[in-house]
């Protein structure tokens, strides 16, 4: 019983939903602030993401007449729950609380794809043709980045001669012994490929194709309003807090001991987020076929090169 | 079955309401249709009920970006009826205003184009550079856009000469910034991947569709009212026509960016050569007759037609804005592209619907589809016959109208 | 417990099916329904027994053709699964053909006999017996496809040809396997006690023959092409019953038996089997993505899913075998559900062209929800059953250190999801075309099987550990299976879908609670916003068939898929062409001139003499 | 609708606007876009331009409403989730300006919208066009007045 309560606490409060939501909102403030600075603007205040979300929670919900209302309304909550669960597993590995169950990397991968699926289901179920275009783009984007993302992560999994593990804590332990994966060529290549994939996973420019405001008017999210929209924003925040952490855990040795470790970890997170923001602000939106070509071409090649090098032990 | 994706009328792509119906196969657009008419304001009719003095002020409000364009063009048309030659100082003032407008209009387009392809940094930077231009406009005229400075036969007020140094300083800064922007745009591989080869108009298509302005010049067609039939002070100044051969969206962006530099050149010369003297040619009475005004707006050649019956109000004012001929060319440039390409192509000729919409879609009373041209002709004839019957004489339908 | 009970699941449908052959239509339907229900009951009765029935029937020299059946924990469950499929199919078919003059031909009789054959395969304790029952199923497939649809004849012929080739290979393999001279060479126990080494040519050949037989039945690349071809003419109940579920079960069951206990695979052979699996996954799902006919699309997924099972078994690890076998069970469940749903939509809406469907979620809510669950399950979305078994296969790839196949498997799942997003969107979401305004929900007889299968999808997912511990372990033929299983699994790890599910539910509820605390409960219904103008349902659509045109326009990929669609990679078509060429050549020799024939005779005689003297 | 104070505070700090360009001259639209750009940067106040009325708290109207647009503008107003406010930027949106006598306009936005939603609330920012400074000031005043 105590174990169950502990588990639920991990999931709901720390380091799961509540913690990651807040962290994600802070990170999204950093995103907006840095963007504003790049664009010579002042940008919003630190409370802005919180205000946005609280406001959305208080608004009325408009349900499209043609929609599958239940699925349409449930999608953001499922997305939020799944992203939070993924966040919990990743952050438990970051904080080195307990040994994560074996094979949880695959579970995290799947859980992290559920928000995208929820966006797709929500967009398609809204009955809006523009939403359907957005859903189809999101799906194609998932197809595009999932292949190199998996390959890049496996580059770390198969780095050791024996005892390949799909467990996050196992990966952290492994890197504690053998040095971080970033110390190897394969790790660096995989990290770059995974970083690009995360940019797309987060739906940031140049891969915000599914929500292309000026083409299909927010795409899959076009019909969402009020709390449902708010929860999609929260899901994005949770993902923003999870994906950089996942990258650090898998490629960059996770969090070291003591306050110094925490500081270094925070710096690594910030660095990754800053890279996201800079890429976002120095590129136009790609076309969906360009994105497909980009991910299935150079990025996949990069990821497979990393995988091959990892198997060879480089 | 046809699948139609609707862009508009309220769509973030456009500041103004109008809708494009993209017939698609997947993301590929196989046909484009437009439904315009939301912005129809009945301006031409309004002008027929105003005096010549009031009209430039109304025509400034055809379009917020082309405020100088339409009022100058109208003045050209009325001056054409009159055959009056305006004083040099007025000509230079018109030139300066026109080029200032071109500057801020092109910068605005560059920014919006960036926004449309999701490149918000370009949007912010271009608009940041545009801001001093608007300031300079304000120093010169007292207003950021709608200066109400034009009148038939000259201009209403003189420019404050003492603000010229400040304006020149703005231009100097802008030149450097524009060059930086040009460098950034031309060298960006992602931008090139996104814009090159998209929405191509061949020179033949340009001629077929009667495309004007930077859209035509980006396809290698040398057309510019400032060169073809120089007005204001353009004949006395040294400047180049910017032409690019490719015809794609990228070329259109390049043409506009390079034209900014040309405009800066023109402005510098105009300020340097700014002549003394009168700013208008006194009170004018417009005689009976017809006149046509041509003017190179930032978007292309603008044409106004004015018919005067000798009173102080025109009996007909007709505006043919550049977008009016540029918009139909979508059928040549958009078909075959993807939705993403088409949205930027739609924006690439810098369409201005408030300039364009001299038409109105007439809805049926029962809420059915809008009346077509044929319907309107038929209804018009029926009404004429009914009136004729009422008046007891044969309807006079000598002219056969063909759609 | 009486050993004869083992025979019940075979005898009940077998005898009833034979009786039903000679009954009038209505009675036949009743008999089919009751018979399949009884089969299910008999199967369920067997799940916890471990019995074998043995009757020495015929001894031909060294060849003992024993009449032996046996049941262990695993085959008991499989027998129940076969019964369940038969029962649901009968139930579904009764409603599906209502108002169309009842089921065509002797459908129920063939159905029962096919079920008897499948039960025979599952319960057989002797390889020859297994092959015999196997042939019955093949024959019944042929008969079922042509029943009531004369246009199905070419498809049935194609299926029969490919399956016939597979069966010949299987028989040859069987003979080779048993030709090593044991006391009871065809008995499972004997075979398991003397696994065949595959170090030499004999071993490799034997395995490949057996593998070809299993792969043709299950539909692995390149012997898969009969499934998509028959998807058009075969009626949905038939598709759901045999090619989509039972044929997979039989093929993979045999493959598992062969490669786990009767043959010891060399790493090279394992690699080859895994490669077949990975290629099957990707080829099947890529072909599925470009289909516009829902049944044909589903049939390509039926192929693709086989890849996971073959891949899992090919790894040779315990996790992999468990994953493959469990996936086979799961596949039967969700794939039958999908075919049932597609059939229901086809029946009610009058078309199976995805471009013409749309917006049916309100008209057919039950069908929609069942297909939704099954689609998520086949895509391997946690916490449904497809995820549990796929996860085991992934683990197996890691244990076997095969990153490439792992990537293929994971990527295949993404593509499967993409394909089903397209299916769901085209059929149920978006705006409903005006032509479909009068569509109603499917009848209760069609809904019940779908609901039952969808519930199974959830249960087997959330409580995914239970069947692994209870039922599937014994396939390894190890005593005290669950103990060994637990040990074996711990090495690779267990996944607790239940915990994840509970946490997910808590998270979703917490989210909804937070939303309510926000104070917004107001809700309003409006038509969709497409820029201000009202929606034109006939025109303003973006059907799912348009989703992946961009993918199709990718260089190379699109052309390959088009070629696949034209049958360039279809073995049947290739051999058909080759055969046609040979026949044309032979025909050209028939000139009708007697001297030419004499010349050929002399040439032949010369050749024979040459060979004779040479050797 | 009674608003909780927390929500009201958040709403004040995060007004998302949907821009409805109506039959005006475009100039106000441009000045609105100008407010987003570096010099004025209304994102400081949390203002964001959104692409769908579903996401919006305020509707920005910038011109007289033509007969052709009247029904559509009314529908878009209903498309926005409550609570919502109309912001009429420019003389035309407030009073129709120079187009007062034109035959094709149906009326200023407040009149048109009140036809279907009598309780609708509006904010007026007159000017032809109002300078961006004016718009920013107007927005700040709205936020204070809420």
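In order of appearance the chains are A, B, C and D, and numbering begins at 1 in each one.
As a convention for this text, contacts are C-beta pairs under 8 Å (C-beta built on N, C-alpha and C of every residue); 3 or more make two chains touch, one makes a residue touch a chain.
These numbers come from a predicted model, not from an experiment.
> Need the central chain here, defined by C-alpha centroid distance to the all-chain C-alpha centroid.
The most central chain here turns out to be A.
> Could you give the separation in Å between the centres of subunit A and subunit D, each centre being the mean of its C-alpha atoms?
Chain centroid spacing, subunit A to subunit D, equals 35 Å.
> Taking each chain's centre as its mean C-alpha position, how far apart are subunit B and subunit C in Å?
64
> Any idea how many Å lie between the Cα centroids of subunit B and subunit D?
So the centroids are 26 Å from each other.
> At which residue positions does subunit D touch at least two other chains?
Expected reply: 4, 7, 37-38, 50-54, 72, 76, 79, 81-82.
> Which parts of subunit C, given as residue numbers and ranges, touch two or more other chains?
As it turns out, subunit C has residues touching two or more other chains at 518-519, 522, 524, 526, 529-533, 540-542, 546-548, 550.
> Spell out, as numbers or ranges, the residues of subunit A touching 2 or more other chains.
As it turns out, subunit A has residues touching two or more other chains at 39-41, 54, 57-62, 129-130, 133, 136, 213-214, 217, 222-223, 226, 288-289.
> Once you draw an edge for every pair of touching chains, what topology comes out, line, ring, star, complete or other?
Complete.
> Please name which positions on subunit C make contact with subunit B in the complex.
Within the complex, subunit C contacts subunit B at residues 355-356, 433, 530-533, 536, 538-543, 546-550.
> Applying the document's contact rule, which stretches of subunit B touch subunit C when the two form their complex?
Going through subunit B, the ones touching subunit C are 1-11, 17, 19, 24-28, 35, 338.
> Of all residues in subunit C, which touch subunit A in the complex?
Per the stated touch rule, the residues are 359, 361-362, 368, 372, 380-382, 387, 391, 394-395, 398-399, 401, 403-404, 406-407, 410-411, 414-415, 417-418, 421-422, 424-425, 428-432, 492-496, 499-500, 503-508, 510-512, 514-515, 517-520, 522-531, 535, 540-542, 544, 546-548, 550-551, 553-554.
> Taking the touch rule as given, give the residues of subunit D at its contact with subunit B in the complex, in rising order.
18-31, 33-34, 36-39, 49-51, 53, 63-64, 66-69, 72, 76, 97-99, 101-105, 128-129, 131
> Please give the residue numbers of subunit A that touch subunit D in the complex, ascending.
For subunit A paired with subunit D, touching residues are 32, 36, 39-45, 47-48, 50-52, 54-55, 57-62, 213-214, 217-218, 221-226, 229.
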